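Both complexes shown next keep subunit A, but they swap its partner, so subunit B is in the first and subunit C is in the second.
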Partner chain A sequence: MNPLELTLGVMTAVGGFVDISELVFASKAGSTFGYALIWAFAFSTVGIIVFSEMAGRVAAIAKQPVFNLIRHRVGLKLGLVTLMASLLSTLITCAAEVGGMGLILHYLTGAPYLLMATLSTLAVGGSMWVLPFKWIERIYGLLGLLMLVFAASLIAIHPPWDRVAGGFVPQVPHGLSTKELLNFAYFGVAILSAVMFPYEAYFYSSGGIEEEWGPKDLLTNRVTSIVGMALGSLLAIAILANSAQLFGPANVGPELPGSTAMQAAIPLGGTGLLLALLGMLFAVAGAAVETCMANAYSIAQFFGWEWGRHKKPWDAPRFTLAWIILLLLSLALVLTGIDALTLVEYAVLFSILVLPLTYLPLMLLAGDRKYMGDYANGLLAKSLGWLYFGIVTAAAVAAIPLYVITSGGQG
Partner chain B sequence: MKPTAPIKLVSELLDLPIRDRDGRECGIVDDIEFEGGPGKTTAIKALLVGPGAYERRMPGWLFACVRMVAGDRITRVPLQEIETIRSIVTLKCTATEVGLHRVENRVRRWIPRKGAL
Partner chain C sequence: MWRWRLAIVLLITGCSKGPEADLPSISGARSLAAEWAMVNEQAASGHLTAIYVSTMRTSARQHLQTTLSALTQPKSPYGNEIRALVAEPADALPQKLRAHADRLKQIEDSLESA
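Entry: the complex of A and B
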């Protein structure tokens, strides 16, 4: 194991953890419920760690990416249903990221939002064409580390650390009305969905295959999944805690990413604001790349096309055409004028519906000794896998009723 | 598993990815063609690849949608061209030699060959 590669891998995972949905929901959750939903982030992070580790291990041992497995395990019909649902949810997520880039660039430059969304999409597409997989992943992930400014700002505002630590204990705040309780439940489901987005497993396992992982890379997989994602999650938690401390008492509802960036401006001034906006821009752009490529990976793997960004674009032509079309479709969704935050809501809602279908075949294969041999799921992975599968299934059932009843968390 | 070994469960072979001898992805096992008949030994004759092979595996209305989007071509990969069947089916030959990669090659012509590192 190369320590430099490992460190870079962990840093990339940290910087690439946060996307527009986490930005929005962490900030809103903090201002609405104080520190009471920190545990939802921590709990969901353990879930994404469990499934990412499985996805990476399956990629390293069985050499199979997630969508090959889904089709082989659940068959063509249910596989097609899963593919369609996943494409739709990830396309909406990608559009939300494109909208997020447009908004952040609008804050940075003052230029019109839709123009900025278009230019940033072209820039992201250009980088996907020019750069090979490892560089794409590293550049966006490492530049996303500028968001560490949120951790610095949290330290600077001296929050009540005992209450922040208390937020890690699963809880429901006392004295909430039924309406507020439902709103709390909606935020819990939304955070679970935003942290465990299905595209993350597709992208991570495909990345393992792009980088030709084998048994010797299992430690890298484990450390990157556990340490990288846990530290990345702490960034999201820092945003929530900042919001609880700065916005909650002032009754500020931080709907827009610009309000989130203000968390760094309040204690750290203009430099903090600039770093926060740039960090958010690269994190969201990285998520746009990941969602777009995850969709292209899914289609290519489902139908057995040549795929991968370790190959030149013309060596995987249908895959290349797929990601170009998907990126343009995401931009088209934004250009229709749908509000970026509405797209975030839909992305979170549709993703939770797809999660059980994504994670079940992955868990079955990761536990299959015929494919995985001695590397099959042990007792811990099996127990955690089934626990989280049960929870995401329950959340998927509850998601739409909660969305309707709470008007998308508006109470 | 060797390609000539008895296959107890067709489901083990269906929907496996196929790679040619150069390691290039070249499709999925969409259906299987058998030879033999009543009173005779049944054996796999070929793997069928392509959207046309979905016909027996999905409702008519869904296949009609697939046909509209992707066509109904089927490529036969004879059993003799299969090297191994594991979690991936590996061919002894290149994709082009058995008629796979036709669409891939057609789309390749539209993709500019410059600019990528």
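Entry: the complex of A and C
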């Protein structure tokens, strides 16, 4: 194992962890419920670690990406339903990221939002065309590390660390009305969905195959999943804690995605603001790439097409055409004028519905000794896998009623 | 049975009217007022870029106008408060904007407890 490769992998995972949904929900959760939802981020992060590690392990040992397995495990009909649901949820997520890029560039340059969304989509598409997989992943992930400014801001504002630490303990705040309790539950479900987006497993496992992982890469897989995602999650938690400290007492919701950048500006001034906006831009752009490619991977793997960014674009023409069309469709959704935050809410809502269908076949295959031999799920992976599968299923059942009753967390 | 079905449909389609239906809008307007105040306060301290300040102020006003037009009771006390907020100049004093946010918060709290 090359230590430099491993460090880069971990840093990429850290920088690539946060996307527009986490930015929005971490900020809102902190301002509305103080530190009380930190545990939801921590808990969901363990879930995505469990399933990412499985996805990477299956890619390394069985040499099969997640969507291949879904079709084999659940059959063609249910597989097709899963594919359609996953395509829809990931397309909306991709559109939310495209809208997010447009908004952040609008705050940075003052140029019109839709123009910025269009130009940033072209730039992202260009980078996907030109760069090989490893560099696409690394460039966006490493530039996303600018988000560390939110951790620096948190240290600079001297929050009550005992209360921040207390937020890691699962809790429901005392004295909430029924309405507030439902709102709290909605935020819990939304955070679970935002952290465990299904596209992450598709992208991660396909990436493992792109990079030709084998048994020797299992340690890299484990360290990247555990350390990279845990540290990445701390960035989202820093945003939540900044919001609890700075926004909640000031009555700020926030309603404008650009407000999150003020968390860095308040203690660190103009430099903090610029670093925050740039970090948000690259994190969201990285997520746009991941969602778009995850969708193209899913389609290509399901129908057995040639796929992969290790090939030249014209060597996998249907795969290439798929990601180009999906990126343009996402842009088209944004150009209809749908508010980016509405897209974020729909992305989170639809994704939670797809989560059980994504993770069940993955878990079954990762535990199957026929495919995985000695690398099949052990007791810990099996127990955690079933625990999280039960939780995402319950969350999927509760998501739509909670969304309707709380008006999408508005009260 | 049909009454339950109708109630569920109304709930899902958001067809209810009155202050209860406007609560999410009031809450959104309260936050927008507070965000605008924070932008103006930080701008006065020189912590923000001019472009950021200008785009945030414009976005806040646009969102408030959308909120105002979505109210089911635009001539209510909260409707008047949001209208007064929209009429504020872009560089209004943070204290003034915060006073709007506080009044909207009071209305929000009283409607929630009713």
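Structure notes:
Criterion: the second predicted complex is superposed on the first by the 411 of 411 C-alpha atoms of A that agree within 3 Å, B and C clash if a C-alpha of one lies under 4 Å from a C-alpha of the other, contacts with A are read in each partner's own complex, and residues count from 1 in each chain.
We adopt the following convention: a residue touches a chain if its C-beta (ideal position, glycine included) is under 8 Å from a C-beta of that chain, and two chains touch if they have at least 3 such contacts.
Remember, it's a predicted structure, so these values are computed and weren't measured experimentally.
In the superposition on chain A, A:68 makes contact with subunit B only, while subunit C stays out of contact range. In the superposition on chain A, contact is made by A:407 with subunit C only, not with subunit B.
In the superposition on chain A, contact is made by A:256 with subunit C only, not with subunit B.
By the document's definition of touching, of the two partners only subunit B reaches A:131; subunit C does not. By the touch criterion defined above, A:109 lies against subunit C but remains apart from subunit B after alignment on the C-alpha atoms of chain A.
When the shared chain is aligned, no partner comes close enough to touch A:27: not subunit B, not subunit C. Touching of subunit A by both subunit B and subunit C, each in its own complex, is seen for no residue at all. Considering their complex, residues 62-64, 68, 71-72, 75-77, 79-80, 129-132, 135, 300-307, 312-314, 317-318, 320-321, 371 of subunit A touch subunit B.
Of all the residues in subunit A, the ones that touch subunit C in their complex are 106-110, 177, 179, 250-256, 258-259, 261-262, 265-266, 269-270, 272-274, 277, 404-405, 407-408, 410-411. Listing the residues of subunit C that touch subunit A in their complex gives 11-12, 14, 23-24, 27-28, 30-35, 37-39, 42, 46-49, 51-52, 54-56, 59-60, 63, 98, 101-102, 105, 108, 112. Residue ranges on subunit B touching subunit A, taken from their complex, read 11, 14-18, 24-28, 30, 49, 54, 57-58, 62, 87-88, 103-104, 107-108, 110-113, 115-117.
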